[in-house]
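Naming follows writing order (A, B, C and D), and every chain is counted from residue 1.
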Amino acid sequence: MKTVEEMKRIPAQSLCFFSLVIMLVNVADAQQADWYPSEWGPDDRRGAANRLTPAKVLSAAKLIAAGEVYELGRTYEQGMPLFGTRHYSLRVPVMSGPLGDNEVTWHMSVISGQMGQISTQFDGLGHIGIGDLSYNGLSRHDFVTPEGLTSLGVEEVDPIVTRGVLIDVAAYKGVELLDGGYEISEADLRGALDRQDLQISSGDVALIHTGWGSLWMTDNDRFNANAPGIGMEAAQFLVDQEIVMVGSDTWGTEVLPNPDPSQVFPVHQLLIAKHGIFNMENLATELLVDDKAYEFLFVYAPLPLKGAPGAPGNPVAIR
Amino acid sequence: MKTVEEMKRIPAQSLCFFSLVIMLVNVADAQQADWYPSEWGPDDRRGAANRLTPAKVLSAAKLIAAGEVYELGRTYEQGMPLFGTRHYSLRVPVMSGPLGDNEVTWHMSVISGQMGQISTQFDGLGHIGIGDLSYNGLSRHDFVTPEGLTSLGVEEVDPIVTRGVLIDVAAYKGVELLDGGYEISEADLRGALDRQDLQISSGDVALIHTGWGSLWMTDNDRFNANAPGIGMEAAQFLVDQEIVMVGSDTWGTEVLPNPDPSQVFPVHQLLIAKHGIFNMENLATELLVDDKAYEFLFVYAPLPLKGAPGAPGNPVAIR
Amino acid sequence: MKTVEEMKRIPAQSLCFFSLVIMLVNVADAQQADWYPSEWGPDDRRGAANRLTPAKVLSAAKLIAAGEVYELGRTYEQGMPLFGTRHYSLRVPVMSGPLGDNEVTWHMSVISGQMGQISTQFDGLGHIGIGDLSYNGLSRHDFVTPEGLTSLGVEEVDPIVTRGVLIDVAAYKGVELLDGGYEISEADLRGALDRQDLQISSGDVALIHTGWGSLWMTDNDRFNANAPGIGMEAAQFLVDQEIVMVGSDTWGTEVLPNPDPSQVFPVHQLLIAKHGIFNMENLATELLVDDKAYEFLFVYAPLPLKGAPGAPGNPVAIR
Amino acid sequence: MKTVEEMKRIPAQSLCFFSLVIMLVNVADAQQADWYPSEWGPDDRRGAANRLTPAKVLSAAKLIAAGEVYELGRTYEQGMPLFGTRHYSLRVPVMSGPLGDNEVTWHMSVISGQMGQISTQFDGLGHIGIGDLSYNGLSRHDFVTPEGLTSLGVEEVDPIVTRGVLIDVAAYKGVELLDGGYEISEADLRGALDRQDLQISSGDVALIHTGWGSLWMTDNDRFNANAPGIGMEAAQFLVDQEIVMVGSDTWGTEVLPNPDPSQVFPVHQLLIAKHGIFNMENLATELLVDDKAYEFLFVYAPLPLKGAPGAPGNPVAIR
């Protein structure tokens, strides 16, 4: 579809214009057949959250055995790594009060920034597209407006309460942190799971520990320069495991840059657009690693910012 | 207390200086004796979160029997009730991409507003003071800066994972919603709990349903004009029950205005400043009421906005 | 061009697809012939600012005879009329200092909003398009990015220092304020100028007083509901007079809604996109009216916000 | 002074109360005698703008002889030097339209930042204090609120239309740019004026060229590290010349750091708080230097942000 749109930049005098139109329409048809409608039907907007069921909640809740709680979100603060020209600003206005005989005083804050695309961030189904098309083939020209997405916004996402599995790939590879640009393979995921004697099951959240988070606010330039992460093969493995969400301690979850230089964020497309699987970045997975907390009840409900393609957050792991 | 702090600037040669110091210190002593140091010692910054223990988590997790999940946060959106001149703005920048042969496209959002004091909001221990003093006697002149609180910010708050109890006062009083300005008494809380055959235990989160939330975005003027809520007596009852946090479906949790016109937000002071008990406002308690979901595992970790006195959020109830 | 882009929504199976392509390409060619390149050549980005010359400045400066200065910008403040969901927020952070033996203290402000599209506002050449095309035929797909316009941004606009002429249409029509929706005609402009014994000359700024500004912050609902203003005929007259900028005391300068219900802001298109003539809205023209200050040196340089399609401002009239 | 204000809260029954009042009032008297009320009386809020008169405008307008216009504001953009944690963000929301048969399209921007304390910036009389006191002895506890200054805000400032004088100190010292931390003396100002065969007269705006602006966006770290500028002696000379405003091509106008390490921004206090003289920073003075444009009509009206202590802007020099 996008290619059809882009035709406007093609010189009209081109001799091959008509045949181009034919070709592009065919391509569009072919693409549609490939990845939508979704497995939950053409009208579905929930994506992999369809896998969240009461039975899954009950089964995950059984993982709570120690009463331990882990906070997986990073702090939003001055000095954190920011991508490109994104910003975050918090100011406390002049202190208020006292009022009343009880002399009440109070303080507030005013914030601006790309909440949902900085620090710990959740990618909703409207965040990523393949050309003009997002999850289930919705055209961004139909649902993306200046004031928010009219569909696929994070306020529509169900609370993600399910089994969470930490996959410590760094430990499996015997390093503190994987190299920037290292592509985590299916074998790596399988090997790390074997090492932890665990399996992923349908409806899980899979969190991948690369060690990259140790650079957070200690070496922001290196943190942002590139990142280890899953490639297309590992992503397809996770798709096949029927996860609800993937997450990691890097800013992109997927390997960056992609080893195939012609591809830009293809894993995001595979997971989010094609399979309705959510993604969460910049998670504090090291807390889980320290305690070998490999499975747990994972709880996260996106901040319901109407029409936002992503959300900030502070997920909790309980075991 | 403020005058004590400011004394440093008074010329030391003043003949009256010593007697002044004595006077002010006496005033300070008198006040201090009243409500600080906290029961967790003078250096405590966690407040009632000290009551969150692994044992409490384990006991609360046992409440998960149906696998049902409730999202208790309200949507942040244009048209929601805002207090005074607070604002909320979300815009989606020009759509990005396509990049790469895979034609990746993406969308973001940019947000500004008093996040933490609009829609569903969590009051941290640095939000409220008695004169210049906040929880544990910290002077706001010592910890409140233009760029954030240097202590008592919401990023220091432990994830609140504990038993949640819904107290349906509206049902107890036989109304859809309580009147604006109605003061919920200790007897009301006791009566409502009896009706539900429940008790509050130490470390619980107590959520109060007044029905006021039915006015959210249906009658914003009435919603903001005043509110039903707990008075000092009921608040003291909750303090005595050793709760961790109180919450409700109104914008202030406490009765507004206070029946004693000389008092402005005294319940906030009692709970937050004097007893380190958190507060959460504008919760979607009606979802729990509909299902008579009166006890549950409550899970909420404040968005860790460094130095913020409050946080937005979307708590989850699981049962 | 836009229509070509829109083709993507046309069912590919349409029998008339090929002929449609041919038709649209022809339409695009026809449109191009109509209104671009600009009279200053295809590469021009200055628009009517080309009419600003040293000679014009010298001639306009001769209008300074009384030493009187008028501030034409409205205050940016809480409670002003805002269009749609635009917002404006100013907060003063916690007071800073004292620092040093000299005890310096200071105060700042933090602002968010649609600066450039609220209160007094200047429309740059990148603000308005005809389909996808802006001034001189630039496609918005080529110069509008999430982080700003890469061409036609207000930072490229020359300071507008020239003769200003106030046209008091309200007085000519014998009313305090024109009716909402009243279309100011060429005859009205000519009549008002005759009444003032003035003529517009090439390179002037023409400010139109409708009286509508008396509703500013006194009746915001009425102010925003519609507005008197120039129609296409009057706008063409101003084009023919070779003005640099038009301005008024309404939020749109042009009549709103347009008497032809099929047309939305056509005057903006005529002036800005087709003729490179700037526009300024919500000006405090009543100050000029009160003193019958009908011609003056007009001075305004847009706040140079890189890549912004519009700018806030506070123009000055000197005579 | 603050203690005087705070006294109201001290229990009146205190035995020491009367002597305390006497002591503090004496301190206040001593300070007051020093620098306020202003020379325009105790109720004045205009400060040195009182020197702006029609006669001054007329005399300055005579400087327009070439019809040349200079834009003195720097662009607000990503990558400009920002002090501390101040920020500036501009985003263009998703493109709007087309609407109507005329297919109107439009673009906007949404901005956040410390407008008034970034890039080119104007310091109003409420920006700086000596302890708690600002211009004319106003206590900041009386006029600084979270939502803006209730007095001395930039919206109250008269348009500054007067003679502008450029003082090229760098040229006088024979350098491209003065050293960071170099204190411009009275002799430097007198020498530079002599070299240019000019004198300052009452009501002028004095712009000082240090050459420091050449580091803007070319070496931001050096630009922000320190700065050349006027010291107390030179500032007193400008006070004695009865200027309305000082400005320069640095971020502070005054020498930074002050050669006396116990003093922090004392020149700001002398000019703004004690003498009601405005200040403007980060001006593009190099444009004037290039043309030896040493005197001109200076035109600037602060963006009328209600209650703001400072304003952004783009002043114009005309000659």
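Keep this in mind: a residue touches a chain if its C-beta (ideal position, glycine included) is under 8 Å from a C-beta of that chain, and two chains touch if they have at least 3 such contacts.
Everything numeric in this text was worked out from a predicted model, so none of it was measured.
A.B. asks: Which other chains touch subunit B while also touching subunit D?
C.D. replies: A, C
A.B. asks: Going by average Cα coordinates, which chain is farthest removed from subunit B?
C.D. replies: C
A.B. asks: Considering subunit C as a copy of subunit D, what rotation angle in degrees (nearest 5) results from a C-alpha superposition of the former onto the latter?
C.D. replies: Rounded to the nearest 5 degrees, it is 175.
A.B. asks: Could you put a whole-Å number on the gap between the CA centroids of subunit A and subunit B?
C.D. replies: Centre separation, subunit A to subunit B: 29 Å.
A.B. asks: What is the distance, in whole Å, between the centres of subunit B and subunit C, each centre taken as the mean of its C-alpha atoms?
C.D. replies: The mean C-alpha positions of subunit B and subunit C differ by 46 Å.
A.B. asks: Hey, what residues on subunit A touch two or more of the other chains?
C.D. replies: Those would be 2, 78, 85, 89, 91-95, 103, 108, 110, 112-113, 132, 144-147.
A.B. asks: Specify the contact topology among the chains shown, as one of line, ring, star, complete or other.
C.D. replies: Shape = complete; every chain linked to every other.
A.B. asks: Which part of subunit D faces subunit A closely enough to touch in the complex?
C.D. replies: 9, 78, 85, 87, 89, 93-96, 108, 112-113, 144-147
A.B. asks: Within their complex, state which residues of subunit D touch subunit C.
C.D. replies: 52-58, 61, 64-71, 73-78, 90-92, 95, 97-117, 126-132, 140, 144-149, 155, 158-159, 161, 262-266, 268-269, 297, 299, 301-310, 312-316, 318
A.B. asks: Within their complex, state which residues of subunit A touch subunit C.
C.D. replies: Touching subunit C from subunit A are residues 1-2, 4-5, 7-9, 12, 17-18, 21, 25, 28-29, 85, 89, 91-95, 110, 112, 132, 139, 141, 147.
A.B. asks: Which bits of subunit B are touching subunit D when the two form their complex?
C.D. replies: 2-3, 6-7, 9-11, 14-16, 19-20, 23, 27, 85, 89, 91-95, 110, 112, 131, 147
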